[in-house]
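What follows is subunit A paired twice: with subunit B in the first complex and subunit C in the second.
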Partner chain A sequence: MPFAETSLREQYAAAVERVAGRTLDALRGGGDPAALVEPDAAVPRPLLAAVRLLGADLLAPSLFGGGEPDPATAALLAEARRVVPAPAPPSEQAALVIAWQDWAAGRLLVRAGHAEAAPRPAPLPGPEDLGWQAWSVRMSQLSVLALPTLDGPVHDAALAHALALARGTVRSMLRRDLTTAARLARWLAWTEAEGRRSRLDLEPVLDRIALAGDGSARTGLELALARRLLDRARPSDAEGGRAA
Partner chain B sequence: MIDTHVLATAQRFGSRALTWLHAAHRDGLGRIPDNTVVDLATPNDAYKPLGELALAASVVLRDGVAGPAGTRAARELLDYAWEQLREGDLLYERQLRHVTMSDPLELYGHFARAGYRHPALDDLLESIGRLRAAHAIEIQGNRRLAIANARRLIGLSHQPDWAALTAGTWLGALPEPWAVEWEIAYQNTHTVFHLTDWGAHPEGLPEPIRDYLHDWLPAWLDIWLEIGQWDLAVELLMVDACIGEPITGRQGWDALAAVQRADGLVPRDANDPVSDDREEAFRENQHTAVVAVLAGDITLARALGADAAAA
Partner chain C sequence: MLTQFRTESASASQSATLAEAETLASLMVEDEAVVSDAPTYLPEAAGASLLAGLLLTSPKPPKEKPTR
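What follows is the complex of A and B.
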């Protein structure tokens, strides 16, 4: 085993970084995330857990390429969801977040021929119930939904409360929680791709997080996805506009 | 329409802070030592705090929403501060000696707001206002606005270029809101206070800055409440009142009301315990009391439309 000397936690963390890094490469045009695994070989469990954790983001490279989910990557994600159980939620709210993350992955997998779509989870409480602070943190945990071709009530909420997302981004930056800030900036970039001008200038935010953030591939992936969404927001991009 | 819970909280918060300030000064705290000369080796000890006291009391009188007890306390505090400054003689002598020093001008502005005048100081300031030197001193943008507002209150003939002065502030640049720091946040609050003359003229704030504060004030308030910077949080609530329709809601008022002590003292922050020594407790928390009085008063006055009294 390549991780024989490390703790289980470190093995899983390293696997998340590998999968995120691979997805990042794919987004930049370097193959697909399924290349992480040997064909016909058993996939190590930490890798499967990482694939499950990153969920729908694994398929981001194909979505930004304008195509359907890459079949091999979709198969890997479907395998991970079969083998690795969903994380145990510490609260009802956390369970809802996990359900929405799973919903996003499920929606894309259905399109790739893996018939396992989960029913649409209950709607999340909005900022008027949770306060913009707690709501924006919740939305940051759902940044995986901010992908082209995904749409639903969470997306509607992001558009309806873009200022709360922007305040949440600023709050996270000031609290030095740049991981949350990156995920919220990605949502704001998504709203820009939907034609909604953000009250917060996003380029400097992304630059700042790239320079001062944790430097992880996972955060790098959030930033890269945000930048790709911002590219779509530019009027010259024919792919702009809300996806069906 | 402003939340009545916020109004009730703001009113109680401010009037208790005023009671605390009044009691402290009645008992002789914060006096200028008898042997003080115009050079003031330590102007921050008593002299500048008296100016801040005059600011709070003069705004309370201006707005006229404090009720009989509050109005009486404010009047007594102003009389007391004016007497401490020897009916303005101390300001006059200090300004006469130091041509380009701005603190006598700024302190006098607060008294002038409430009708306390010193004719010789008026003449002196008018004369100094004609000097290029007076306008050439190198200071921060928000401090320039403080001086401009003092000149406006006193009624000096020099007319500042408000737009140019505003452009020279941090807020004037509408910067990335996540780049704010503790000291910058204080500078920003003062930019708003001077442009609006402490809430009397919300329209004195250019619309882009008002929109900017509408967007980001809640985030700033939230993070400084989280780390218990009560003094700054009170200033941010005052900004919220000065810009028109308040945006931050109950969060700040409830948090600050919860840390105010029964005697009205508001601790300046959550890091340092309030001293058991009354004089030290006064010295360290008097600024927070001043801003508490102002924040409560301006919030109430704006909501009741009492700004007309300022005209």
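What follows is the complex of A and C.
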């Protein structure tokens, strides 16, 4: 039960940690994220907001398992999108980022039979318009799209500008902004899973973030997803690693 | 309509809903951390520091002992 003086942001951040941790467990083979919700109890609003916020990442365990989105988790996500008010972005750029995040969740919910196909948001400006620094930060905000079976213009941009992603990752590491670095490393791992060899050796980057990062479940989820994508890119290494 | 989840009702006041929407947006679009940019190598700064260090730590020149 939250304290009276706890701000809404703190409540939401705590709920995000809880849901991200549960998703992380599910990714490691421990059930599904919908198990957070008691069958007969009312779902608290911060928890629903966290589900709405994590969006497509909530369905990552079933996607990496090679199947369709888990029905119970998809139902929870659809309910969260119905109940929680639409985010109020502070700028046009933020609105575009949220639109693409919602597009990714919507695409997966369509496959699970919980939504109707939504139109694609407006295309994002590329690194030639924004510069690779600003573009890579924008891509880090869209790391939820770096999932198997999702495909679209943002993914095409990631493949076309893998060098800018690698530069952005290194820049974030140098700035000691390891949360942004983890999200960009996830994109690089996704490009590797798509057959594009990264200019950056990702294993030490992921190890460094795991050691020196903020230790949050949300960043842990980004790292775990990046590693799973790398396993897809190098299946023999993954088998060797598991055997060792 | 989904029936398997029972959800808490929305906050009564409109401002609470707006606060929820703004908080949600701020957590969905996190900007990069506000820290200094990558440290830049400044060889002239290193040279000045080295010179100052050497001057401070260098031994004093020998003095002649006063003769009687």
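Following the convention adopted for this analysis, the second predicted complex is superposed on the first by the 225 of 244 C-alpha atoms of A that agree within 3 Å, B and C clash if a C-alpha of one lies under 4 Å from a C-alpha of the other, contacts with A are read in each partner's own complex, and residues count from 1 in each chain.
Quick note on the criterion: a residue touches a chain if its C-beta (ideal position, glycine included) is under 8 Å from a C-beta of that chain, and two chains touch if they have at least 3 such contacts.
In this text the structure is predicted, and so the values were computed from the model without any measurement.
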Contacts of A:167 with subunit B and subunit C, given as first, second, both or neither: first
Partner chain in contact with A:206 - subunit B first, subunit C second, else both or neither: neither
Partner chain(s) touched by A:132 [first = subunit B, second = subunit C, both, neither]: first
Touched partner set for A:90, first subunit B, second subunit C, both or neither: second
Residues of subunit A touched, compared between subunit B and subunit C (which is higher): C
Which of subunit B and subunit C A:75 touches, first, second, both or neither: second
First (subunit B), second (subunit C), both or neither touched by A:175: both
Subunit B versus subunit C as contact partner of A:43, first or second or both or neither: second
Which of subunit B and subunit C A:229 touches, first, second, both or neither: neither
Contact residues common to both interfaces of subunit A (with subunit B and with subunit C): 171, 174-175
Subunit A - residues contacting subunit C, complex: 8-9, 12-13, 16, 37, 39-45, 48-49, 52-53, 72, 75-76, 78-79, 82-90, 94, 97-98, 101, 137, 140-141, 171-172, 174-177, 179-180
Sites on subunit B touched by subunit A in the complex: 176-178, 180, 215-216, 218-220, 222-223, 226, 251
Subunit C to subunit A touching residues, read off their complex: 2, 4-8, 10-11, 17-33, 35-39
Interface residues, subunit A side, partner subunit B - complex: 131-133, 163, 166-171, 173-175, 181, 199-201, 204-205, 208
